[in-house]
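Below, subunit A partners subunit B and then partners subunit C, in two separate complexes.
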Partner chain A sequence: MEERLLTIKDLYVEYITDDARVFAVNGIDLAINKGETLGLVGETGAGKTTTALSIMRLLPEKVGLIKSGSIVLNGKDVTKASEADMRLLRGETVSMIFQDPMTSLNPVLTVGDQIAEVLELHKRHKNKADVEARVDEILKMVGLPPERKHDFPHQFSGGMKQRIVIAIALACEPLLLLADEPTTALDVTIQAQVLALMNELKQNLNTAMILITHDLGVVAQTCDRVAIMYAGEVIETGTVEQIFSGDEHHPYTVGLFESIPDLKKKTRRLHPIDGLMPDPTDLPTGCKFHTRCPHCMEICKTELPKPIEKDGHLIRCHLLEGGGRKAEGSETL
Partner chain B sequence: MLKYIGKRLLLMIPVILGISFILFTIMDLTPGDPARVILGDFASQAEIDALREEMGLNDNFFVRYGRYIGNAVTGDLGNSYRSSAPVVEEIAARFPSTLKIALLAMLFAVLIGIPVGIISAVKQYSIADISSTMLALLFTSIPAFWLGLLLILLFSVRLRLLPAVGSDTWKHMLMPSISLAAAQMATIIRMTRSTMLEVIRQDYIRTAKAKGAAPRRVIFHHAIKNALLPVITTVGLSISNLLGGALIIENVFGISGLGTLMVNSVKSKDTPLLIGSVMFAAVVAGLVNLGVDVLYTYVDPRIKAQFVKKKK
Partner chain C sequence: MSMPLIETRHLKKYFDTPRGLLHAVDDVNLTIPKGKTLGVVGESGCGKSTFGRVVLRLLEATSGEVLYNGENILTYSREQMLKMRQKMQIIFQDPYASLNPRMTVSEIIAEPIRVCKTITGNDAIMEKVDELMQIVGLADRFVNTYPHELDGGRRQRIGIARALALNPEFIVCDEPVSALDVSIQAQVLNLLMDLQEERGLTYMFVTHNLSVVKHISDEIAVMYLGQCVERCSSDELFENPLHPYTRALLSAIPEPSLEARNKKQEVIRGEVTSPVNPKPGCRFAARCPYAKPECMEKDLEFKEVSPGHFVACVLHG
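Presenting the complex of A and B:
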């Protein structure tokens, strides 16, 4: 039996601003075992970043609020931990790589100092010399010459900056890495390099990872399991095989795959899903996808579908009810 | 870097030439005869004519200007018409008071402005933030001389705590520098607050938090240095403003500094003294701005990189 690292149960997150109440995450369940990679996929605004920030408990102060649910990371409930406990977890147990490497590094500190900081914060080494030695080692690990630790961020290219960000994130060998679209800001050739590097390092360190991405090709290459988010809910989750070649899918997943040319042989034509994501301040009742779903039924407009499970493949759609699948998790809904 | 400083110093030359030329022209066009200024109202026309000839005042305008600049380059700014003392000495005697007021004001403005601005930003919308923002708004709208008069009314006339006029002790310096500091302090508060607010929303601040850094470390180690970059420019600009303001405030508090010297020299049509002191003030302002720019390159590695060649 694999060891469970992270369990998110029935998580609700809202952003409360002066003029609106945004329902960003609406009751998601996620689970990751040690060393596993989970791909988190969904359109913009689906709540992917919000989910990751909730795990770090770094939602914007006073605005982003975890309303209910639990996030148990390595045996500790993040939603109930004190701020001091969270500081111990951040950087040490769980690290995050943000989308834009251009702005993720402090422009007035040398990159060496920025890597050393995380080691010092978590008291990884007894003295300065050991810290420096480790900084050199990490830089080599991400493919940068250690002499460059004295340079400032503006002296590096985008791809190199993202390598430094990865170095910072992995310096303390965390159990979980949250990578929020780590390659979107980079150009295509560099994207592949950086992804390969992340993959290699996470294998070596046996780090689990949540990889947030729009790129289904990347998911197919790197992930063990996939969760597909829509309007703050996980509407389908399963292994990469189940999602990419299973015979039953959520209508949204089908639409998502059809919007990628050449991935499925049946449709080569680009076929984006009609309509827009619902307004997160005013979500529809029932199935949140019903405003765009080609199979929408009466029940879909009023009743939220329960997740239906088969061999760990969960789908949240009324179409599958009464089929070969058993209803699951009804107590959490 | 040295090359840059040299270039900036060279650029100051045309500015100073321009200033002196304009002043020279204005003084030349305004009525009043320097020879009469020197000899007084009771001198005879013959005496005046003789002196005019001796001073070369009958020469062509450009000849006189050329002669003035020629002397100025050697450090001779001429003699005051009124006191007949060398202008350089007059300035040297008066400038320290002006500098003292300006520096003291600077110190007040920076030492209060920056911390208040930072607290304001970190505790946005708190009572402290709201009151400091209101205070800053108030201080920017009050002219320094008026604030000076209010302070005199309160501390000298009412409470009899501080002397109203003169520049002998540090007590004399207090009110002038505070009235001078108020507006600059307000500017620094607002500037620090707004850049700090911007900085703490940056991604790299989130990165710092994601490493497990405590709030205090995030502010002091990651945010302040970034936030202070634009503030340094503001401070630099405000030094010139403060010097300019000091010239005015001296007249309110009857301090014998560069400002009163200038005003008196205009009143008495003391051309060498006026041009000399204005040129001196321009040089000081130019040097201060240069100093600030140099300082800037040391704080911001991105700018420093443009000057320092790679040593590898």
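Presenting the complex of A and C:
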């Protein structure tokens, strides 16, 4: 049995603003083993980033609240940890890469100083020379010449900045890396370079990773397991093989796949999901997807479906209830 | 062959920067037949958006010609251009930035009509606005809302309705779906294709997303640092890409399937070089795995290597 690194149980997160309560994450369960890559897929507003911020405990103060549930990271429940403990945990056990490399670096510090900052905070090295040597090593690791550590962020291109952000995140060799759309802001050829780099580093350092993305292509190439989120819930999880080839899926997953133009097939029309994501301040009852679902039944409108499992492939849909796991859902695939 | 609706001849656009001349569009020759879609792809900074704007004369070209139905519109006067603008419109990339936040949806859609005075009388204009909103799939109840109240997909529909307001023949779509989520992206793409079928529109579709471009285009032009490096039909480009840059671009797209998972990728090294004062020769040579000395010597010719397939590379032709 592989070693469990992170277990999220029944997590609820809300944002409380002056005019509304936003139900961002509504009871998700996730687990990730050491060295594994989990793809967290969903559209804008599905709660992917909120989940990652909860693990880091970086939700905006007073506004974002973990309502209930637990997040056990390497044996420690981060929802109950003190701020001082969290500061030690961040960077050393878990670190995060943000979507936009342009805004996640400090423009008035050289990149070398920014990498050194992490090492100094976590007191990994005794003296300045050791820190400097490690900075050089890390820069080389992400494919940048160490001489450039005296440069400022604006002197680098977008792809290089993202490499620096990765360097900072991996400086203390964390057990878990949260990558929030790390390549969305980059061009395809640069995206390919950054993904290749992340894959290589992950293998060398045996880091587990949660890759947040809406690009199913990126998921197919980098992830071991996939969790698909919709309106703050995980509606389907499984291995990449189960998600990309299995014959039973949540109707939302089917819709997602049919929305992307296929490079191989020639179709004149796409089959997108009708309608829009529900408003997170006013979520529908029952299955959150029922308002857009082509197979909506009466029960979907009132009752939240329970996750149904087969060989670790979990789907939350009423279509699959009863009749073992063979249901009407398969006709549409 | 019938006359193309749009043709550019040796079109150039240079920007004067403190560091020298930035060659944003450098000698681009393209044609778009009536009722067809030309996809223009390339990475950020390759000049694809500038090209779209120069064709519409939203930016003045440095030299070259843009022929619309055989007439060079770059020599048109202001009054003539105002007339021309009714035939050519643009849909912008960012539906958050391209709509005036202080105008309601109906005011935004009616603005081009009021400016060009194609319809007069408030009632007639409102009737047209209602019709346009119906065409793009915006519900009546949004008539008096402001853009900030709507989501990205609906805002992009406003942008499309505005572009259609003057019954144009030609629309430049500048990354119209890249700010949208996949499910919404598919809805907007379907809408654009329906409109093309119904009204015989001609599109120039500027994007960096190759799977979108393949889906919507008849012909594709690949741009690199201001130059067009390859042009052919959409199917041909994906089946038989010739230019090393096109190949690298195609192999860099992550495919949403398992078969591609273990495929060795051809990752090209390096990054786009500066378009300021470029050296002669092939601009891709610095990153090209097949570069030879002769690539750097002189500018390459854009040659037709097989019927309808043009490429600028020493390896071919």
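Note that the second predicted complex is superposed on the first by the 317 of 333 C-alpha atoms of A that agree within 3 Å, B and C clash if a C-alpha of one lies under 4 Å from a C-alpha of the other, contacts with A are read in each partner's own complex, and residues count from 1 in each chain.
The criterion applied here is as follows: contacts are C-beta pairs under 8 Å (C-beta built on N, C-alpha and C of every residue); 3 or more make two chains touch, one makes a residue touch a chain.
Model, not experiment: these values are computed from the prediction.
With subunit A as the common reference, subunit B sits beside subunit C without any clash.
In the superposition on chain A, no contact is made by A:L139 with either subunit B or subunit C.
In the superposition on chain A, A:V165 contacts subunit B only, with no contact to subunit C. By the touch criterion defined above, A:L30 reaches neither subunit B nor subunit C. Once chain A of one complex is fitted onto chain A of the other, the partner contacts of A:A208 are absent, as it touches neither subunit B nor subunit C.
Between subunit B and subunit C, C contacts the larger number of subunit A residues. In the superposed pair of complexes, A:L176 makes contact with neither subunit B nor subunit C. When the two complexes are laid over each other on chain A, the CA centres of subunit B and subunit C sit 70 degrees apart as seen from the CA centre of subunit A, to the nearest 10. In the superposition on chain A, A:F244 makes contact with subunit C only, not with subunit B. With chain A used as the common frame, the shortest Cα distance separating subunit B from subunit C works out to 11 Å.
In the superposition on chain A, no residue of subunit A contacts both subunit B and subunit C.
Interface of subunit A with subunit C (complex): residues 43-44, 157, 159-160, 187-193, 195-196, 214-221, 240-241, 244-245, 255-263, 266-273, 276-277. For subunit C in complex with subunit A, the residues that touch the partner chain are 43-44, 151-153, 181-187, 189-190, 193, 208, 210-212, 214-215, 235, 238, 248-249, 251-258, 260-261, 265, 267-269, 271-272.
Across the complex, subunit B meets subunit A through its residues 202-204, 206-214, 221-222, 225-226, 229, 299-302, 305.
For subunit A in complex with subunit B, the residues that touch the partner chain are 56, 58, 87-92, 95-96, 98, 100, 103-109, 117-118, 121-122, 152, 154-155, 165, 168.
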